[in-house]
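Lettered A, B, C and D in written order, each chain numbered from 1.
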Amino acid sequence: MARVNWLRRHVRPEQLRELSLLALIVVAVMFFGSMIEGYYSFRTFNRIASSVAIIGVVAVGQTLVVLTRNIDLSVGSIAGFTAFFVGTLIANHNGVNPLLAVAISIAIGGALGVVNGVLVAWGRVPAVVVTLGTLAIYRGVLVDLSGAKTVTTDSLPQWLVDLPRLNIAPVGDLDVRPLFVVAVVIVILFQFGMGYLSFARRFYAIGSNPEAAQLIGLPLKRVVFIAFVVSGALAGLAGFMTLARFGNITVEAGRGLELNVVAAVVVGGVNIFGGSGRVTGAMLGAIMIGTLEQSLFRLGVSEFWRDALLGLLILLAVASDAVILKRLNRIWARTELKRIDSLAERAP
Amino acid sequence: MNSLRRWETLLFVLLLAVVSLNATESRYYLGVGNFINLFQLSIEKSIVALMMAFVIIGAEIDLSVASVMGLAACVMAYTFQQGAPLPLAILLALAAGVLAGLNNAFWIAYVGLPSLAVTLAGLIGYRGLARILVEDRAIGGFPLWFNALGQQGLIGPLTLSIMIFVILFVFFAVLLHASAFGRLVYVVGSNVEAARYSGVRVARVKTALFAGSACVSALAGVLYAARLGSVRGDMAEGFELDVITTVLLGGVSIFGGKGNMVGVGLSLLLILNLRNGMGLADITGNTQNYVIGGLLILSVLVPNIYQDIQNKWKGRER
Amino acid sequence: MTAAAELDSPILDIRGVAKRFDATQALDDVSLALLPGEIHALLGENGAGKSTLIKIITGVHQPDRGQMWLNGVRVSIASAADAQRMGVAAIYQEPLLFPDLNVAENIFICHRDRGAVVDWSTIFRDAEAILAKLGVALDVRSPARGLTLAAQQSVEIAKAISMDVRVLIMDEPTASLSAHEAEELFRLVRDLKRQGVAILFVSHRLEEVFALADKITVFRDGRLISTHPRAETTPSRAIADMVGRQIDLSRRRATSARLEPLLSVTDLGRRGVFEGVTFDLRRGEVLGFAGLIGAGRTDVGLALFGIEPATSGTIRLRGEAIKVRSPQEGMRLGIAYVSEDRRQLGLVLPMSIFANVTLPALRRYRNRCGLMRTSLERRTAETFRTRLAIRTPSVDLAVAKLSGGNQQKVMLSKWLNTNPSILILDEPTRGVDIGSKAEVHAIIAELAAEGIGVIVISSDLPEVLALSDRVLVMREGRQMAILDGDDADPETVMNAAMGQTSAKPLGWPA
Amino acid sequence: MSKLLMGVAAAALLTLLPQVATADDGMATPGKDVSMVLLPKFLGILPFDQAHKGAEEAAQELKNPAKLQFLGPTPQNSVAGQIEIVTNATTQGVKAILLSNNSGDQIVPAAKAAQAKGIKVVTWDSPIPSSEGEDVFVAQVDFGDIGKVMADMTLNLTGPEGGEFAILSASPDAANQNAWIAAMKVALKDAKYAKLKLDDIVYGNDESEKSYTQAQALLDKYPKIKVIMAPTSVGIVAAAKALQDEKLCDKVKISGLGLPSEMLAYTKNGCAPEFALWSFVDLGYLAYTTAYQLATGTLEAKEGAKFKAGRMGEFTITKDPTRAKGLRVLMGPFTIYNKDNVEAAAK
């Protein structure tokens, strides 16, 4: 009993959820490690880290959107759009300041997010409909405006081409690459932001109980709008990261990213009904997906098992949220009641 | 009721406008051959849209339809390649579709998960299974009769798919509007709790919706394979967008309980003619895609704005 | 806190406020003054305009006409945020908490002046301080999810206090509370009163109102009918003002001859919800279920009908042991349950009257091909339209367009059409105008006379007493008593329902 | 039996040939109104854009008043999109369709329907595998030769001791890619290449991200790999970038088919010392000229027919030796690029 109490006081069910995901990742890594020769290497780490970086950044924005009981399916198109246009811009003006380029990426993404946000918050069009639509529109506009061109590595300045393999802090053979660092910084920033900023707490409030939020006068529409703008802006940043990582950008860049991102968020324990979930969870979800993506093919099985497993993971994640987490919450609440009762008895 | 009828009138007027615009813009538009093509080029999506209307009226959504199409086609191609006779392979494909649908239904109707999440998992997972089966290959070499069924007219210029579509349209229209099942779909879509409190077996209705949706998608997948004469793992990728757009544009409410087959039929005709007209005007599929995406958003936005204006007007009248 | 001199001038002065929704005049020229340190009760039937007034005061709606003065300054409250800034707070029947936020955050959610960064240690300390002041023991770090209703109400009050509230509106705050919890709440309310807060208290429970309020105002049909200090009015007068006439719900005389029990329930229970329910229901009998909201009466009904099956105990129908595991089984056994929540659980509002009427018995209206025989459906609906006097131009009309009373009759038709031998009515006259109420009562009596066993679950004590042959009283998931015919007087029932033996409930019509 | 018949038919054709040739001498008649559709595999990559340029150049020379429609699907919708465009073009009654086929034989029903309406279907870059529904294929180079060159380049890069290599192709349905791979496999049977071992064939679908990760995957999966052969312009740059980012350019080399302008940096830094390509501008020019002449009747799609293609000189229609049936016009050699000539070509 005492131990349960200790657990209850120090760990929330949501954290338990993240811990079990972490355990699952460890198990998966150990499994792959035992099956694949030379799996435990810095190369594997780098590989997973750089594939996680892009998904992770977008997943942070998606977390905000899902917290408010919405969904943003247009992130892949936003990332592609940004990657292509910023790529073209840099190709034409090689002297563009790197920071300016990043800022432009974020601005383009944010602007596209504004469109989503306005339509959802003020147009009262369901997010699935809006973002399924803009998924097609943004990609379509990109293809039309691009004039059938490709951004290629040779047209980019050297700093950008070298960016992905730049080693920020060499620790032995371990490369700490900038893209991964960006993702980690974003996650930490948002983790603290979501925990400590008054405004950010409203995302939780609104997803938790939208009617109440409306009644006590929380700016419901504004918060939903901002969630979409942030999601768009981070997708824009991810677009820049895509440009840096792959160098060659066709009009297809970022296609299908939204599926990975939504999967990461859901697997990471962000409740699809809104209100609960953390940025770190989404990042863990992204790591799980990245690990699968980068490891399965080395087992010698079809790379497409990844998708089948991913579908299964989403199902299990949502089911465990709906069934197990609810039960855990009840157990937690019950012990809480008992504690209050005993307090009340002691102090009549 | 009134506003619904108004929506269909609007669709009809739009359809007339598109048809007359097409007829004046392109002299190739009015012709039997073109009309057959116009249907034939999107016939699989049209078939899937019919059942999607049921799902959305039932206040659910099925994002996995395109992946089920791909899965069914791949199961057929794979088993055929492994030596199964084609009719058997087709049956297995349909069975795979039904299984996929039952899997969706289990999680949605019996575990109570949101259909958006479950069918998103299906969208990813079923596609994965399809690609595991055929990987990066293209499987073809089906018997000639099979390809002919997909490509040539069966009665006059009417292909098998078009005839299946017409039969299904009539069947589904009757099913939705005149049958007990159709009534239950509306009831479940309007107020699922009231349905439960009235002794409606909600889980069964939902199971029927998702199994039906997947079964029809599987059939569409096989027809698609017949039309193309070969099968690839990425077949029909992204079709769900067009299918859902068609249904929503047809006046079916994304919140369930509202909509009818006339609207869906009109919206199908509108989209097909629009696409065809743009194609004939040398506007590429890409531009068509985003016009359709825009239509999807507008089909929900416009009624909302209309309602706002109406409310404001009423407020002033007071 | 408040200087004595200010005590006479109102904090909130409402002058000639009116509001219209479509065809209904929800509020018509209402003037009301709330004084500091005063508890002002608001009475009225459903639809009398109480909630509209509350929504106007809290900035959810804007009045069409009229003025509001706060501390002698004319104000317009354009939004809920405005209301909060002016020190106007509201507590509703259902606490408006955020289940995923912790208790402390819930308390301070409306504070916009606590800075952009949440200082958790301060916020926890402050929350603990406020709760300590209220004498409530709660872990401020735990999320609101899983708190009992009473605990949630405490958080709501703490929230109001934290904002330095000057006007507190309480909309049926005790509806879901046990007697003990309600008493705790009143203690907090009286504390606030002493601190000079003006309190607007809305309740349907006359006994609470007369125990607590300093002034009592009655609304009817959007108009203010009367305002009296408590000492100058009586419960029966207040009721008369509410309904517009003295009502006489004459007691239905129990038919004496009793047949064998139709339904025998022994020690019925559902884990964690209710337990130990034992009763017999005979043919032609009306059995009343009395108790406070949340006492578990509805849950017994749901268990009998199979929506939330019982987990223990036995049910016998005409002597045979049965299990009801789903509504379908319940219906097959001839049990019908008419839900308390017409709009959410009872009717499919956008659909036609006839479609609603035939819904539970859909099978009977199917031809061999599975197609609906709509002409037969219409005929059935027409029969009930005549029989129950449903006022509608056509049975094709959407149910949403009917008035509450007629909707209730459609619900009754729907279930009578399944030819039940046992009819469970949950709050059959909630939100129904007084005329239709009498009609519904007459129908219930008629059905019993036809030999149907009827269970009436109602929070309206006079109604239960008037209708029932016997009354079963529940409290906190337990059966407290079954009172036979003449034994069932208001005092006994209320005592059983509140778990008290001594304190005589206040304010019931003599 | 069929061979014999074909031989007879070919002989018969040969006897007819002089008359055809003299009828209009294979010279284009400029200024005729010939509406045409140029249909690439999909929109958005450079080579197809270059082909478009070449076709426009030819259109100007031939003073064709009808505008050339450059219509293509998006990559993810390539098959259905190509079919739709061919079908719509048929309805519009254009005179010729210039198709770079990405749909395998799935395009056949649509192409046949076009021919039935008298439309000339000229494939370029990538043919219809069964050659049904196709008048003639304008081949950039001999597919058998590409196979040999790919084998040669691989051996050059591994050195005489040989080693493991893998192929990174575009899409599994691209007829040209498959033909080249098949030809390379045939070539590998030669004792000269006995020490080369083909590990795997993977597909990047002409998406640079997919190609990039596929290349990485190859590096992980086959630690002893020495060469990645990517006969696709999208795949080769993506693979080169992956190699560079992995800092493995000294151990593993990239080769294949690529555009000099895109490959310049990698050739110079040694990641991709050697690769090959032909001119897509010329290919577009030749395909256009061929289709124009077929549509105006100055040329017939028959084996042995000769025609003049403007600045590119004279060409002959022959049987396509790389397919069971079908005719082709062979454009001509490709260039092998290395650090000596790549810079000049990139300009």
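One rule holds in what follows: contacts are C-beta pairs under 8 Å (C-beta built on N, C-alpha and C of every residue); 3 or more make two chains touch, one makes a residue touch a chain.
None of these values were measured; they are calculated from a predicted model.
Farthest chain from chain A, judged by C-alpha centroids: C.
Contact tally for B-D versus A-B: the pair with more C-beta pairs in contact is A-B. Separating the CA-averaged centres of chain B and chain D is a span of 37 Å.
Note on chain placement: the centre of chain A and the centre of chain B lie 30 Å apart, centres being C-alpha means.
In whole angstrom, the spacing between the mean C-alpha positions of chain A and chain D is 41. If you average the Cα atoms of chain A and of chain C, the two centres end up 44 Å apart. Of all residues in chain D, those touching 2 or more other chains are 43, 72, 74, 76, listed in ascending order. Those residues of chain B in touch with two or more other chains are numbered 286, 289. Touching two or more other chains at once are residues 139, 143 of chain A.
Every pair of chains meeting the touch criterion is listed here: A-B, A-C, A-D, B-C, B-D. Those residues of chain A whose C-beta lies close enough to touch chain B in the complex are 71, 119, 123-126, 128-130, 132-137, 139-141, 143-144, 259, 262-263, 266, 272-273, 302, 304-312, 314-315, 318-319, 322-323. Taken in their complex, chain B has these residues touching chain D: 26, 28, 31, 33-34, 37, 41, 136-138, 140, 147, 151, 227-230, 232, 234, 237-238, 276, 279-280, 282, 284-286, 289. Only residues 43-46, 48-49, 52, 72, 74-76, 206-209, 212-213, 216-217, 220-221, 223, 234, 237-238, 240-241, 244-247, 261-265, 346 of chain D touch chain A when the two sit together in their complex.
Touching chain A in their complex are the following residues of chain B: 61, 107, 111-114, 116-118, 120-129, 131-132, 135, 233, 241, 244-245, 248, 254-255, 286-287, 289-290, 292-294, 296-297, 300-301, 304-305.
Contacts from chain C toward chain B in the complex involve residues 20, 22, 64, 307, 327-328, 330-331, 337, 339, 344-351, 355, 359-360, 362-363, 365-366, 369-372, 398, 414.
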